[in-house]
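Two complexes are shown next, each including chain A; its partner changes from chain B in the first to chain C in the second.
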Partner chain A sequence: MSNSKLYKGSLTTIILKLLNENDKMYGYEITQRVKELTKGELKITEGALYPALHKLEAEGLLDVEVAKVDNRLRKYYKLTETGTKETVNKLEELAEYIKTMQALVNPKLA
Partner chain B sequence: MKLTESQIQDLYAFTRQHFVEHYDLQTELVDHLANDIEAQWQIQPKLTFEDAKNKAFKKFGIFGFMDAIDQKAKAMNKRYMRYMWTELKKWFELPQIISTIALFLLFYITFSTVYIATLALVFFGIITVWCTYKSIQLNSQFRRRKELSNKKWMLEEMIYKQAGSTMFIFMSQLFNVYKIPENYGGNTYFLVLFSLAFTVIALVNYISLEVIPNKAEKLLNETYPEFSL
Partner chain C sequence: MKLTKEDIQFIDTYLENSDVVFADIRMEIVDHVASDIEDRMSASNTTDFYNVFKDYMVQNKAQLLKDNRQFLKSADMKIWKAFLKGLVSPLTPLIFLTSFFGFYFLYLNFNIETFRLIISYVPLIGLSGFLLTYVVYHKAKNLKRFSVVERLAMPFWVFYQIPNIIFNFSYQAKNLATVLWIVGIVSLVLTLMLVLVCVSIKLFKSYEKQYKTLA
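What follows is the complex of A and B.
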């Protein structure tokens, strides 16, 4: 990853956005999807992903489902109604942030 | 190549070695490590299980599973407090509010006498003895449950073992109860607050040591879809 600090604040937004596009996902799948979408540029670390997921679950933004896959149990996360609403807010916030940074870094484009 | 049942069990043991005590978090981490190992085998089929496991674990960083454990405990605590709050609110709605008012009046009337300090101590004693008795009972219930299932769930441990913690905060105030001057019985503001405090303490202890443990199965099933699997 080029600079993990810059991405850190957006982790929850990334998770919410992914869950908004996919009905339900499990932890490992999320890390892989991010890697795939960003062509390896952004790697969500395991050490940060699970704490973030558990926090979102406690806040009532995510709900869990468990299924037996192969010979083990798999925990799936999905958005709750509040979670879906919060995703819209978070994405707007992020867009606003990107716009502000754009104006600062590259005034000609803004 | 897929992991065998014994390798899955090995991963469970591995999470336990790395201080993940609770089955709920163990399960999630086992699935993650298993997925990672299987993905590694697709690229390097000759890699041993041990090497692949260690490589998968390294990705969690120098703190290993610690952050996940901390955050999970915080999240569960929040959930427990939410259950607690939901139950407490019920005592201020009909029909339970009648019992709440009766309890408040009982405290208020008895504390209005000159024997306030003695009576406060008596109530204090009754609550403490009951709480201690219930805590011991719940603790041994928890041990039996663990022996039966060989699994420990984070919320289960909170319900059975942390339930008595409010009592200890209450007990630490014993010193203040001793100091109540007799003439305080005539001060209405003090009396209302003091009786209210006793009412809330009695309710909170009753809920955490009786109501919530009685609902344990329901709450655990609600929290963990895998609980009855």
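What follows is the complex of A and C.
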């Protein structure tokens, strides 16, 4: 992630959230979707993305599917049942974190 | 703008020659690179693949090779997690107890030299299981080089070495307590190796299923 180390801890939640909204996604698609949603503010590098995806896969939160697309093989990631449950938890955690940070940084808005 | 089969093959060969040797890792990087190049070609409205590819690699090659090392770390993590999952199977204590009483029975019924000879072969049992699985999947089933599959050799090597150390201690197997310790550790190593063989077979099968189009 090029912009800030602040985003680093939220990468897993970002991936889970995107996969929760889409049936399945591949690596490059995730990077482009994040870039598009944040209007280029957040750029996820493959060096950060793929290890995170593989970690989630190893933890059983993601399932993979390999398909032949445009003359090459593409690895799609999708949420498992546990992954869907974990997404809810992670989003709640993130919302709580944002609320806490808001209270610290800008108490008037909290 | 979509890349041709030849363009994809070019990227694949380039990465393979740049030490991205495992097919599963390369496959994901190839798709990433190809998707990026396609977007760049569409954005600049060009059909000159080689120039766009060259520019891409000038900007990203160092990062891609760094990613390759990161991929290998992920592969190691995947193995250890699968192994830990395999360990909690109800079969694990059963294998351990069977080995333990089996080795103890051998100790009671054979002289110390024969007993030592038998436990010296224990690591080979686990290693042979892995090698057999590897040969079957690589040669008979023509499976390509996959990261997780080849990195499995490392934990086998670790488990292979432990009994060799124990084997040296077996010279001191003069009282029952020492014998029980030796039998316990050798049984544990054998159990770990057999669990790893089961995990290997599972991983080989999942790769075979997942990448059947690549094989």
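Keep in mind that, in the parts below, the second predicted complex is superposed on the first by the 107 of 110 C-alpha atoms of A that agree within 3 Å, B and C clash if a C-alpha of one lies under 4 Å from a C-alpha of the other, contacts with A are read in each partner's own complex, and residues count from 1 in each chain.
The criterion applied here is as follows: contacts are C-beta pairs under 8 Å (C-beta built on N, C-alpha and C of every residue); 3 or more make two chains touch, one makes a residue touch a chain.
Keep in mind the model is a prediction, meaning the values are calculated, not measured.
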| item | value |
| --- | --- |
| Fit or clash between chain C and chain B when superposed on chain A | clash |
| Touched partner set for A:Y97, first chain B, second chain C, both or neither | neither |
| Chain B and chain C footprints on chain A, overlapping residues | 26-29, 32, 45-47, 50-51, 54-55, 57-58, 64, 66, 68, 70-75 |
| Partner chain A, residues of chain C touching it in the complex | 2-5, 7-8, 27-32, 34-36, 38-39, 63-64, 66-67, 70-71, 73-75, 77-78, 81-82, 210-211, 213-214 |
| For the chain A and chain C complex, residues of the former touching the latter | 26-29, 32, 45-47, 50-51, 54-55, 57-59, 64, 66, 68, 70-75 |
| Residues on chain B engaged by chain A in the complex (per definition of touch) | 2-5, 8, 27-32, 34-36, 39, 59-61, 63-64, 67-68, 70-72, 74-76, 78-79, 224-226, 229 |
| In the complex with chain B, residue positions of chain A that touch it | 26-29, 32, 45-48, 50-52, 54-55, 57-58, 64-66, 68-75 |
